[in-house]
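First the structure, in the form of structure tokens, and then the observations on it.
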């Protein structure tokens, strides 16, 4: 197995796109702007695209010095370079969220999904306290292949959605809430204990991880379309 | 303030019925059968009724020796003596639950409610994974004054119910679940963080407490009926 | 079920006043001032009133641009618009608190209660370390229909109050304290484990939730007054 | 939305197969054998198959009285009735596990997967302390569409597997371990924090949930095969 | 510093009586009956008294073989040998408790106190839900030098007692409770966060530790009586 | 029971000095400077002394406007007014600490002790990693009546000290440490589980509480000196 | 990398002795007696020795059927086969423990150490409450190369030992204790936060892990003896 | 035992170099710059070297006033004075890390190791998501005597490394991560539960502790080289 770029301080995993179908992303929190910029450049050179999550404005500016075509998704806090776009995937991914405060996590998922070639259906602010809003989302979800459900506080939305549709559900707990929400623990536990079978969960506020998981599924669906039953 | 019966090992609070509207109950776990029996007798003599929660068959048998009219509610694990029934309350209390496994807690609530004079509307097994079951409960809840919602696992049911109706909602988390449900913590946190305003919560598996709280509310409603607006 | 205002980023639940008796409130933390202002305007237009909790001065200023009759309750951190007041409720709600440091939570409860039509009886600083202060509060609580008890640290006040009176008790743990108070967990656990039957609990620092729950109860009491026993 | 069978104590969700693609399963822990048997019978009548998880020998015997073709999967603790098998799905699901002690969870996943129509590739005991065993599994996983990874203790296996392959990874933490494994919390946290993108997680010991989630994905893949790119 | 008896498997601290004023006690849980018996014998020979806490009937029987004058305090689960009693201390220690279920912990404190030479004033079952019972205890506590307060559930009793009297208060949380009492954590946190100044706390269910601490204080008081102000 | 000063927002407990032997202290965190100043003034007028803990420079300045003789103990973060000093107590209190970083907590204990009339013996920086420093402290502790032991990190110092001396030991865990010290939890648990009998514990960083508890003990010792054995 | 024995249900890591210097051990908890016996036989055939930890009497009996020279270390709960002993290591390992209740963990460490070729120095029951016992151990520890320190409750012993000697210290927290010891968490946190530099820690009750770590160190020391400075 | 420098506020443990082989280090967090400077000076005078960890730029500047030859390791946040270097140790220590964000902890370990006389082999950024990078590190680790493994998130790296090599492994969890990493708890638990035998663990982010432990081991190896087998 060949393939990692030795930057001295970092061994960039250049083979990941080939092995996993999608390239390595840069988790920027705690890294110096210089390090982020250097890693992004190496990734772009190899893969044609790069994604740095949890990035700051300062890191973005350093990245742009080396990669002038980088853009900054402010709400998502993502640096994106998309020089040679990844192949488009046929399946559509719904991103459903409980409240407007979940937006940064929703956006991180959307940016990841789009960079990785997915079409995205955004369905915001359909929390279960107004269940008619939730029910109204069913039709649009049914047209997608996968659904990501983002919610904070008690994190009940994935259970209701999963009970309504036949799609794989990836739940993302957010740190929205206060007091006994404990920075997202309440939502995380709620989702792990969902009474609706088949809900899977990622880390608190991990919009990137949900987008990555959905992309892996969507890629399998794309492969299946290319090798139909008749084959 | 007068009023407690000195049994040596116990100071039975005989004034509680007068002060609070409902009599003291006996929390039986960890008490010897003899102690439970002695306390129950004193309470019955004073108040005409007695309730011992979390009781065992053994404790019940000892109680029956001193109070032959005691009955044992097996699923609820409650010993009940109802020699001179408490006054009936006009309001109806709905007891809604998410799954059949919540039955012991549901029953503890029902036994408490009925002993304290409430009419009870039982609506079991309407968990949110089959949301049409939940929605179908709305009509019956609307006919009640108060609704107790019992759920384990992610504890999402109170949020959905509270969003549907205009009644006070008392949520009871249960220890139903496994793994990251942590004996009911997931449900408890879910209920405390409900995105639907006005949900109040009692301790895990505390059907008695929910029944008590509903009775206090129902008693206020009963008083209001006796002093109408015209007054 | 009709009724939600689509702002694109937000689906404002305009039917909530009708369904639940009280309108949706805006949880402002983490929302942009623009979003808060837009949601408040839609709510006022529909309901005549609006409440935004956990709001900042900055959010308030933006709200006032669109809704010039908005006022800011500084200690409660609430934005209030009361263009067409909600109907007054006959029952009185006591708000009892343990210490002066609990004031922001107490105020959030008071603002909610008053906006929702309740009369409020404020009984501050009667913590159990000076139990004579606590006992002195009994007479005033007895004149109310419901009592909200706010306390931090060990959260013992609801147990003592609930043992003294026959009113429904809603306990609000606050994050007042340090060290092993763990941001309000000690008070929360204390209240959930109250040895006085019938205490119900809301989230840490959730003055709004307590006010909402009390309003739901008070509304049932109001309805009862309108349909007296004779009926 | 039609569809639930009212057993009085239980509202069996008979529409779930239609809505979600797979039927409701019975979580048996804490239910009486009679209740489990009654629910299983209703489900079999409607759906042709039934699955009861976390079941005991006693519950099985009661089920067999009403459904004589039920079988008991001892290690998985599952009761299975498969009168009219569900349609076979083309994709293969790998079930990789870290140690032999994880067997009950592995088996629960396998039983669920097979009942729901999946082919299963079992790859046991390839924990990371002998990384050559882990690496040797890659080739067999590459032939599958989805991989379920089951591990206790530090739960490191999903990270390594996810870094090696391009398939969707569903991680199942188990309660295998002692001391600071805290009944599976260590493995759960490890999996939620995986440094390999796209790992999703289910509850501790939740082999059923992982099998359900994989089936939902596999069903989407099956649908895609039926509607190839040309379409 | 001289003094420890080498039993091979155990180094009995024979100098502790001299250094600390009271002898070493044997924590019996997890020790074999033979080991407990051997250690008790060595301690009795050296000190004239011995105390083994958390002991079983089986351990007691083994102890009695070597020390026939041992007695077993069943409720306290303590083995006591008092061959040459320790000197009597003049001060009186109050042991106040919230409920009858706290009895085993109360008894462990009493047995320790009496063996160590203190007079004990037992004041059981004066929990704060019946605050008049609590207030009625004040007079008897005022006649003591130190007060131990034992309570489970929310652990509010020490705060109320400490606010009433001028005596040092040692609080003992008990594991009495269920659900969110978490085996005594709620009571422990409540006591550590007491709003009444000067409450000190020992481990959950640690009646022995409270008795020991009170004895150390009482011993200082006894020394003071022997060296009055005039001296 | 007479005695509390109604400031509207606050019910100052003016009877506490009489009931408890020491006056109420003001916990300043979260209070406005104006409130702190008003409460301090009322307390000084009644009691001649006042203590405000966890105070800021800003609060101090406001206090000085109303009480010009107030002084600020910077390291201890305490505002002290000592117009008519409390009576001196004969016993000496040792304040032993593990490291120099514990200084703020040590100082809070010292300020409390001195205001309440105790003589203080300061023994800093004798942590158990250099056990000879710890052993060297024994002689000075033996001359005191009570010992307060302050330590962060693993909180082992109280166990060693308690094993060396015959004095009552009050342990104060501090938030000194990082990582798995969890803001003082490690030290708190260490002290609650001390293998040396008779250690009592106060809240994390609660130097005031330790000083208060020691003062209560010292006051009992003082009373004993006035009523010698001969009496 | 060659080397694992495929038992179908288990991939026994036969190369571990070669790779790591010591053979794989069998963690027996949760495995069927048949599985344990089969794995042990494969390991003995390959390596000449085998160790199964956390084993039951039943598992031992099954093992003995296949490996008649197996012996059962009852207190340590270990099954040991030592057909072709591993090479002896020159360095001596001290196993110091705080109390006699820690014996099972101490024994697991001893059995591991001896099987892996180490000489062991047992120093039991020298807890810090009798610090003279602790100090008296120094001389014997100084003659060893490595010291394992086993303690429950507050886990203070490693800090004191590490401050006294110049040897590597491996700390083993045990689950000895009750209440706020939380099954060994208090001791674990205490050891992780040791104020004495250089203490490393293994899992709660993990005597095997400590013995393994010490063996790895001792093996490096043995290698160094074979390649002296002069070389 | 002689030897501590009394600075009034601090008892500097000057005998530690002699007793333990390495000098006391100064934990700077929470200490005033003046105190750090004074302690460093005393240590340098006695030992010729000094190390202050978790130091700020401000503390460094104060130290340099008294010790002009001090240097500041910015990334490691360490103040180092090396006037009379400690003796060099022959063994090499590998410092392996999972990601570039772990750099501050890695650097603290390196600075400690080098000051204490060890040679260091730096192997950064070889996390398990790119397992080929991890495997590529084996050869370099095999040339060392001890390996320190630094990782955040799920902390899986030590398990994989320990399974590959025969060297003692010291694992350092870092606080790198978010959400359910809980400031390093996930990594800490992962390492404590490693399925690879013999991994020992230090506190979260404790690079110093790992360096100290490795130095103690390396010193034993150095001693062994001086007393070869022949002796």
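For reference, chains read A, B, C, D, E, F, G and H in written order, and residue numbers begin at 1 within each chain.
Throughout what follows, a residue touches a chain if its C-beta (ideal position, glycine included) is under 8 Å from a C-beta of that chain, and two chains touch if they have at least 3 such contacts.
In this text, all values refer to a predicted model and were calculated from it rather than measured experimentally.
Distance between Cα centroids is largest for the pairing of chain C with G.
Note on interfaces G-H and B-D: more C-beta pairs are in contact across G-H.
Repeated interface, listed pairs D-G, B-E or C-E, reference A-B: C-E, with more than half of the contact pairs matching by residue number. With each centre defined as the average position of its C-alpha atoms, the distance from chain A to chain D rounds to 24 Å. Once the centre of each chain is set as its mean CA position, chain F and chain H turn out to be 37 Å apart.
Shown for chain G are the residues that touch two or more other chains, namely 16, 24, 99, 129-130, 162-164, 179-181, 185, 188, 192-193, 197, 203. Inter-chain contacts, as defined above, occur between A-B, A-C, A-D, A-H, B-C, B-D, B-E, C-E, C-F, D-G, D-H, E-F, E-G, F-G, F-H, G-H.
Against chain F, the residues of chain G that register as touching in their complex are 98-99, 127-131, 135, 153-156, 159-160, 162-164, 177, 179-182, 185-187, 189-197.
Put simply, chain C touches chain A in their complex at residues 1, 3-4, 9-11, 13, 15-16, 24, 27, 29-31, 35, 39, 54, 173, 175, 183-185, 188, 203-206. The touching residues of chain H, counted against chain A in their complex, run 99-101, 103, 124-126, 129-130, 132-133, 176, 178-181. Residues of chain F that touch chain E in their complex: 16, 19-22, 25, 90-91, 145-146, 162-170, 188, 192-193, 197-204, 208-210, 212-213, 215-217, 219-222, 224-229.
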